[in-house]
């Protein structure tokens, strides 16, 4: 078992931060709502990664338990999100999020 | 008997109230007779009461002082003011002038104003005026005096603007009130200063306090100068004289009563009343004298240049009051009051006769359109001539006695030849010129354009007062009031004979010049040389004030009529709206922008953390 | 987990049971009124159980720790009760909203019952959140609210007869909220993970016990808390995380708006109070600074944004941003008992007032919608004065429908903090709290914000009393609303006035915690 | 040896970058799956096999399949690549990139300032431990998670349903 | 109980008036009249106190009522009345009746709601004048605003919304500062004494550091001078007054402005004697500048109501000047000015309202020569214009004179500056007379076609206006009873201040004067 030589907490935090920021960047860049959902998943996943890393650091199961919950959330969230995307496409015939700007001012 | 004095001011007040209250209860306008009965009657009874008291109380005992306490007015902390009257000989003289001359003018008015639709209003104002004037002279404290002081100012305002439909009258009235108000404000500040210094405003207390204590002479000087400011305003002296010529817009009897006989002399009365204070301050005395001397010359020259009969008289009034101020300034207290009295007689006479002329000429006032009227209205001519003679102080007229006293005193006060005396002498010459000039222009020479439709408008109601006044003007010089009880006995040695000679000669020289001048002017008509034009305009004071004070103030007010301070708040509101639209544009509905702001916000929060 | 623990979370259990029962009920027999009844009964029972639990609390321990995840104490029970009562109000509003639009008789595809299921799910999340003493329950509670809210926001998209425009707006608000909320959740989770990695514990008390060994300045921990705070600030729509608020409020069905504005915020405040006091985060200057900045910015920006707004729901959204800003002023000194009291009082005031305002707006819109569906009113009004969400529609309302306008006026005055209303006492609390904490800059912002706020509250208020449009040529002369709606308004307005005039009643209840 | 970690981390980062910059949705999704698999490997390295498995099964499996389903339904194939090209101009992505980079720098600054020196040993936490935790201490949370899924279910059910009435109206949708 | 009864009668009267709208078209005004008369009757209860100043044991209060309200904060429902309050109450009720009678027929829609607002404003003001608990005071302070807001916004003229919002934001924002100050005061007192209370009588004894007291004083001060109003917070007033309906203008001018002055005298001076003393020169300067600035702006106006409104700024400047002269005479004068200004300005607003009702304009450029068609109205207007320029013999003179005499003792130059305002008063008052009532009659008013409209004052209006005129004359000639009533309050307030600075300059010079007077006393008669 190679766990003794595993990289430090810092490396894990770093990776999670990078992934999170990448997800955030994608979220802001993409106009395609499907891509935005993917980026949300990246962010959520980064947070989940953080839990697991921290859990490993402290050696208790809480991290992985939280991971399970996060994944649950991600699943439920994506289900609703996709339903909304379907409705959106159904009504607007586009996946361009910029078309969704009726509410403003 | 003394209690009757309280009724003296009360009766005109009742008259006023009755005249004002009538329309509240009757929809119909009361008849002229009724109004006359109340309006003239009330003042008449007052005059009668005054006469009774004067003969029964004061004549017997010249030193008598009557105090009448009506009710407490204010008692706050140490400010104690009563609604109390204080009557001594000085007051009595004023009372007699006000009620006596006032009654005559009321009587005359009944004739003069007949057929005016606002007959009732006229007498209401007039009665209120008499009441206020009486309070002014009877007040035993300066605040009550101030009450009367402002009251007469108000009535003056109302009566100048009596014919309100002509905006010019209103403007004149407004000017009169505001210019005098400037003086009044100075006087009010003087009152504050006196109260600050002496903790009382009761005149006798004030005088005794000033006399006895080593009061701060500087404060007294300032206070007396401030009071002088009030007097100058009310008496139309330099530099606040400009309102009086314009005040001639009112009905002529009003000019006679208010702007010649009574109200305008209130300043003289005030200074005479407060003379112990003035005597404590050399500066104040000098100031009074200088103001008087300058005014009498200035106004005299202006009178020479006028073409409106009433304006001539107005300037002459200013000039004569200048004499009184000169008298006050040189300590001739009784002389000033004496001149005040004789002036009341002859100036009232002059104005009333001028009123007759005007009425006869159907409200024509330009002397250049008149001429040769002595044939058409002889009675008026005689009255006017008597008035002019008195005004010019021809020997043995009442004006002569009073003015002579003043000139002599001026000579003596400064030990001989001096500028004040010179001013007085010069003034006498000028007086002669302008008074006879107007007499000649109106009544002598060839008939002017308006003389042709002259119709004697005098009726009995008007003739009687004229006659009485003419008598008084001629022989009033014998009636020098016994004012020693008030001012103390003043004796002075007689100056050289030539001094008196000059004083007598001056009016006569003036008469001659006036003759020549009037002959010439009747030919040239209204054309005026530049210097005459300058005098005509009253030495440009109106122009000066208009451009130096009134216009800048009006412009400033107009500039700021939207209230500059409001723009601060309007600006704040506009700024908020700008912010609002700026922030609203951030709510652009673009979700990616929203995400970006979210990220930016997070960066901001983390930056706080990084910074620490 | 023993019986006492189970009893402690009775409200939670009741709500869960209600959800299950409602699900079963709906699957066998669909019926709008039935679903409403079940929901209200559930909520009422849960509310009563709060009293019950509180009763046992006062005799026994002052709090019950349930499996380390939940902690039931007086304050959280009060919050739970408050939120459950709010939910009842939302139910009634929802009924009025759905009555015509989701009428299965007209349209067989309409399933209004789902609204109630989702509402109960959100309430389960909210009650969990206020009881949470562990990040797992916090996170699950928070997300339960969010997940229930997404479909509720987009409820009009499906099974609803609202105009196309409203359906689209509903969809838009749902998508916007979902994306932003998902991001904020991710950020919050990241923060929790950082806290966890710094302290090694997920329960508040566990972290608190580590606080001593964990040096206060641990940046990992601080970063985590900051990120969590950002996530919470997003839910509270504090500036600069406020930007979703107006769009979501405007697009959502009004009952959902009311829910998100009251329960969504109230539950988070409840959590925040417990979180900060357990961890004693008031000592951390940088967090207080952040909150202060957010509060100042919220007060100013929120009120400025509302200044010229003409859509009432947006206006209320902006004003709610400002109000949460005020609340944070009191929250900052929350370590004293007085601060907590002030926060709770203000929250109560805020909830009552916001509910009332949205109730009026919603009920009016519903009555207009009824006319639209009956074909008596243009579906897509061209004039602002015919759009029930625009200020212009309210012109002269006081003369047309005095009662509704009176309620609205009371709500607006309360929002503006004028005496006789609960909002005034709330503001008084804020001031007292601010003075106790000597927070002068914040107080100045409160004053400026209130002054700005006055402008638009008054504008709306005065629009309602405008006299020039009294001529009733408009088709919608007076606005008729359902009895249940009237009842709701009576209760809300009554509470607003009673607690405004006799605040001691409410203070006693709060202090009885 | 940390080499494996850095390699997988690099893979995760690169594939994530590909996700956010790729024009083809399906390709991007595949990159995302790659990224998730890499993360799963990292989980394994951190001694969390259960998490690694769940990552693969639920994330890379279920959730991604769900998304792919929707992509297919919406016909987001090659045809939209051009459109994505147009949407992804530098002007649109520079700003967000800077913002994200800033955030990243801040996070790195804050996180790496080095107070995490307590222990560097990592513990293996197997599925059993996690399971025990889940069903003892966290049992209530699990229940709540089920409710979470229920909410997702009800929500998705409500939203995704298509009504007959809509089809009639769909033409005049604004 | 009398006080509570008055407030309840007014509140209840308002509600009844509103409810009766549906059934009785014009019932509201009768209900209002009856309520006001009842309130006036209740005031007669205090008749026995009028003759005997400083009679009661236990402080200056004639009557008080205390009930716990919010014990959590030590707030009680505490009403009390003393001479000053009594004067203000009388003024309030009297002006309420006057406003009601003057606008008896003016309101022609939503009458019930109008009278509701009218009475509630009055009730709020009564509360303000009697509340002794600071929180309660603030409560009423705000309560009176809302109905006033409606009065302006519903029954006002063209720009009513703008005016109403401006009015409200100014007063409300400033009163928030006061709320902060109130809470701050109570909190400091709580920290020092451990007793949380908002009771005025107890807070009088609060020990404050100089710095804290100064800031708290400023909080109160700003709220009060916004209401007063003084520069630079006066700009709400012209708009509010101009746009308000006649009855609203009357209430605003006659009563609401007085609440600011009342607050200064009741709270600011006694609660913060040292800082008031330190602040006095600034406040006096503000007062003097307000006097002049207000007069100047009044002079520049075209709109008659605006003119009167700015004249209020000028007049209330005297109040501020007098109060901060911290001199018995000046403060008494300020109280008198509050009353006199209430009477005269209310009447002027009523007259402008009456004029507008008849001629449909307030623009002075369109008016002129009105005397010819409305002689009675014009005569009455003349009277009140003269009153407002401070003619001796009328109440305003007594007030202004005492203010100036008193404050001259404190500060020569500022007082002299303020005295210049007397000229300004003459300027604008006469300008109004000249522009509106004198001069040529405009053509459009000449034709008596709308004869119904251009009727002169009716008996009702005449009686209302003349009773005010009579009051002004009575006050002008016999002000002593009013001075006597307010004396205990004023002397107490001044005593508070003098107690903290016995060795102040002005007072020592004062005693010098006294010595002089004593030394000369035996000589004077």
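What to note about this one:
Think of it as A, B, C, D and E in the order they're written, each chain with its own count starting at 1.
Rule of thumb we're sticking to: contacts are C-beta pairs under 8 Å (C-beta built on N, C-alpha and C of every residue); 3 or more make two chains touch, one makes a residue touch a chain.
None of these values were measured; they are calculated from a predicted model.
Counting steps between touching chains, the shortest path from chain D to chain E takes 2. Under the contact definition, chain B and chain C share the contacting chains A, D, E. The chain with its C-alpha centre at the largest distance from the centre of chain C is B.
When chain pairs are compared by their number of contacting C-beta pairs, A-D comes first. Closest to the middle of the protein, by Cα centroid, lies chain E. In terms of their C-alpha centroids, the spacing between chain A and chain B amounts to 95 Å. Centre-to-centre separation between chain A and chain E, using Cα means, comes to 66 Å.
Note: centroid distance chain C to chain E, computed from Cα atoms, is 44 Å.
Per-chain CA centroids place chain B at a distance of 99 Å from chain D. Each of residues 9, 13, 20, 23-24, 27-29, 31, 48, 53, 55, 57-58, 60, 62-63, 65, 69, 73, 76-77, 80, 84-85, 87, 91, 97, 100-105 in chain A touches at least two other chains.
The set of chain E residues touching two or more other chains is empty.
Residues of chain C in contact with at least two other chains: 136, 140, 143, 147, 150-151, 154, 157-158, 168, 174-176, 179, 183, 187, 194, 197, 219-220, 222-223, 246-247, 309, 455. Per the contact rule defined earlier, chains pair up in contact as A-B, A-C, A-D, B-C, B-D, B-E, C-D, C-E. Chain B makes touch with chain C in their complex at residues 576-577, 579-581, 583-584, 586-587, 589, 591, 594-595, 597-598, 600-602, 604-606, 608-609, 612. The touching residues of chain E, when paired with chain C in their complex, are 69-73, 109-110, 135, 138-140, 142-143, 145-146, 149-150, 153-155, 161, 164-165, 168-169, 172-173, 176-177, 179-180, 183-184, 187. Remark: chain C residues 135-136, 139-140, 143, 147, 150-151, 154, 157-158, 167-169, 171-176, 178-179, 182-183, 185-187, 189-190, 192-194, 196-197, 200-202, 220, 246-248, 250-251, 309, 311, 314 touch chain A in the complex. Contacts from chain D toward chain B in the complex involve residues 95-96, 99-100, 102-103, 106-107, 109-110. By the touch criterion stated above, chain C contacts chain E in their complex at residues 399, 413, 416, 418-420, 424, 427-428, 431-432, 434-436, 443, 446-447, 450-451, 454-455, 458-459, 462, 465-467, 470, 502-504, 507, 511.
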